[in-house]
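Per-chain residue numbering starts at 1, and chain names A, B, C and D are given in the order in which the chains are listed.
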Amino acid sequence: MKLNITAELDYGMEQETDILMQIECAALPDQRILSETLDTGRTGAASRIAAEDGVGTRVWLTCHGGLRVRYTTEIEIDRAAPDLRTLSAEPVHRLPHEAVRYLMASRYCQSDEFQSFVNADFGHVAGGAAVHEMAEWIRTRFAYVSGSSGPTTTAIGTFVERRGICRDFAHVLIALARAKAIPARMVSCYGPDVTPPDFHAVVQVWLDGGWHLVDPTGMSRPDRVAIIGVGRDAADIAFLTSYGWVNLQHQAVYVRET
Amino acid sequence: MKLNITAELDYGMEQETDILMQIECAALPDQRILSETLDTGRTGAASRIAAEDGVGTRVWLTCHGGLRVRYTTEIEIDRAAPDLRTLSAEPVHRLPHEAVRYLMASRYCQSDEFQSFVNADFGHVAGGAAVHEMAEWIRTRFAYVSGSSGPTTTAIGTFVERRGICRDFAHVLIALARAKAIPARMVSCYGPDVTPPDFHAVVQVWLDGGWHLVDPTGMSRPDRVAIIGVGRDAADIAFLTSYGWVNLQHQAVYVRET
Amino acid sequence: MKLNITAELDYGMEQETDILMQIECAALPDQRILSETLDTGRTGAASRIAAEDGVGTRVWLTCHGGLRVRYTTEIEIDRAAPDLRTLSAEPVHRLPHEAVRYLMASRYCQSDEFQSFVNADFGHVAGGAAVHEMAEWIRTRFAYVSGSSGPTTTAIGTFVERRGICRDFAHVLIALARAKAIPARMVSCYGPDVTPPDFHAVVQVWLDGGWHLVDPTGMSRPDRVAIIGVGRDAADIAFLTSYGWVNLQHQAVYVRET
Amino acid sequence: MKLNITAELDYGMEQETDILMQIECAALPDQRILSETLDTGRTGAASRIAAEDGVGTRVWLTCHGGLRVRYTTEIEIDRAAPDLRTLSAEPVHRLPHEAVRYLMASRYCQSDEFQSFVNADFGHVAGGAAVHEMAEWIRTRFAYVSGSSGPTTTAIGTFVERRGICRDFAHVLIALARAKAIPARMVSCYGPDVTPPDFHAVVQVWLDGGWHLVDPTGMSRPDRVAIIGVGRDAADIAFLTSYGWVNLQHQAVYVRET
């Protein structure tokens, strides 16, 4: 499938501020960038570096007074979407080190605290079937409520409150999967099925020797999202990290299937 | 300098349990392994993988009933110990991506929440001088009290309670440095000056294009520690991560200068 | 002084919901209700009970579909405003039990975790002088930023982030005072100097045998606020506690000196 | 039934320290003190005050160098133990104000965050039947593990980790009951069935116009415990609150049915 994607960001700030931005789709074997433009206005891109695990890139911007960004791309996605339930977990001692890293607890995913719960409630299933059940458990038990969480909300808070947005659903699934010894990482993406249109966050789990997408909100499908970047949790894939106080004035995302 | 190091671990467990262990000194340009033995008893090492950032290795062990480990090494350390205050921070847009990763908040170091404090209390200094002041502030304001923290204690908790052990001191320094846009990572190590002898944790900050050690407890010196591994915080450098309930029965560390 | 106060609340809800409301000024020796009206629309007041410590009252409302409240009062305030620095703390063993209760940690004020900090930074002052210094420390170090905190933000979070609104400033002062063994409670109130006009929260500390008001935001003065209620922290003095999901549609507070 | 109870405490401290102690059984309609002695060594009781809700008393002690306490009592307990499932919740608007206080969130029981979970998982039952189900859910799903929690562990942490000790089990039940609009408070007590013998903590819920005991650990029965005090949670019923650092050297509790 092909997607036309546009993202607009408009921030105000009072002082010169360093901004680390990651909003561009990654060039990957299963998604091909057909065209793209990034307009950061008067703010030149100070530098561009590889993002986590080499998936996508980040741009440093030094901003004075404000930041107005317009990003457009056309992208072709050709990704398999196997049924998670058919995929097996690898024995941990066969995991490569780049997957083992994603067994560790992180800022928003305190997987170390969920072991007892996972053993009790998901001890009867394994591998992809376990991830599928966990994602379904989240999708059916948690309420998707805009504004019900904030930037410091963690998987523990969401697990207790049983509501949140895409980032929160993803954090809980990641915490549960890691507690089950299944590597899990967070994925920022664009998708035509996300309502209302916005940056979206889903999960990748390591099964059968590779990363596989799963969306615990149920809003998107693996073969219909354009991946921006990956990381341990929201701390790694923020579309904008600022060193200084910034004030969001406008943000819009448009995704259209072509 | 040369160190003779011995570490002994003895754990009990009721079920077959997967254990990820990282207690061996890393082979590094500034520390050379002269000899080493790792005895894991009947438990064979299931596999060995690279650890975070390629510093050291981790071993997967599948344990039945218990785990008894004895590790010994002789190591030669030849590390410069420049005065931190003479080192500069790099502008963030010149940081390599492997350093940028260590600007992000992590499980125990919620650096995102410390920006206002750091701006107010450490806004007047920069680079290595700032890190030096932060480390001194922690060393003189926080009490080192065994048993005053636990495995889920984070930098926020320690910052408020003003006491902890080496891991807690390190977490606070990492959180403050990152909030100042200085990459910081945690280092597990052995040192002859650690009292009482135990696994130790210190910090590395990225200054002048490289990683530099700093110990906010004041117990060890950069040129007198043997590095085991590195990572974002304690979640990454645990000497033992278990998937199942284990019970520590004995642990001892001996470090002697030769 | 005399104040004319109007408060308007408009909430939507989908199900029949029990609401506990506390927005009316308390009748107290140092503030006299001259007139008051409470209009809760079709929703009859199901019952009225004494509020915490007998300061003011709470009303239970059973709401169907929505809640529209309009409260108006004229109140005369005649309260002394002694300089806090002239007041002494009582030795703890002379505190009456109704003050001792306010030494304990509460939902948003984890005073137990602040003892080391308070000993280190406020160990040199005592009694009212200590409270004055704590309030000034908060007023000058913390930024008042609307929207920077949420309903689950605690004193620990605010202490670390160094910003918040009136409730957060009050929580930190309460936590610090209790850690210093000075009883402290939270006060909901109206004041003509609050900008923008809104429900306000300040602190009372027990000194020289009685409760004394202090506002760590610096916005109001003890002799110029109309007290609604008191309690351990925001959990006790919420103007509206609902058992079910409610949606704020409109809220306005007007306070005018006459 | 009659109980012989002995409690011994031995604390060391470096400085003169104010201690608030609550270890003596309360005189109540359903438990009668037959005899009692409290020996606090050289430390005279500085004062005695009523404890929370007038249940029992607290003693202030000013200690120099150390505190050695020996308390013994003989008590007769004559308490009904109705089946919780036969008791009804009162409509909230008929609750007396002394019960409404125990609907509020507190230090260790963040009941406000559990509403969605309680609605989803305990929405089908009401009153005492709901409390019974909640207590059974905790008893069967949570592991009682000494040392698995600490003094700052809250209901949220225990709910996620699924393990703790009596105080943690009580905190979770209190949080769930309050989220269901059933007033709940914490009770410190002695019981002959507590293994190993120690101070114990259980819960009282307000049903059918009165407080009723329930023990989510399943260790004790309502008619077989001697109540010490009550409060919102562990913060209110600590047997020892110190203003300064104290070091527990010895603690023993003996409870024998006679």
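Here, contacts are C-beta pairs under 8 Å (C-beta built on N, C-alpha and C of every residue); 3 or more make two chains touch, one makes a residue touch a chain.
Here the structure is a predicted model, which means the values were calculated and not measured.
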{"item": "Longest centre-to-centre distance from chain A, chain (CA-based)", "value": "D"}
{"item": "Interface residue overlap between copies chain A and chain D, same or different (over half shared)", "value": "same"}
{"item": "Inter-chain centre distance, chain C versus chain D - centres from mean C-alpha coordinates, in Å", "value": "28"}
{"item": "Distance from the mean Cα position of chain D to that of chain B, given in whole angstrom", "value": "40"}
{"item": "Whole-Å gap between the CA centroids of chain A and chain D", "value": "44"}
{"item": "Residue list for chain C, restricted to those that touch at least two other chains", "value": "110, 113, 152, 157"}
{"item": "Residues of chain C that touch chain B when the two form their complex", "value": "110, 113-114, 116-117, 120, 141, 143, 156-157, 159-163"}
{"item": "Footprint of chain A on chain C - complex, ascending", "value": "150, 152, 157"}
{"item": "Contacting residues of chain B [partner chain A, same complex]", "value": "18, 20, 46-47, 49-52, 58, 60, 62, 92-97, 100-101, 103-107, 109-110, 112-113, 115, 151-152, 181, 231-232, 235-236, 241, 243-244"}
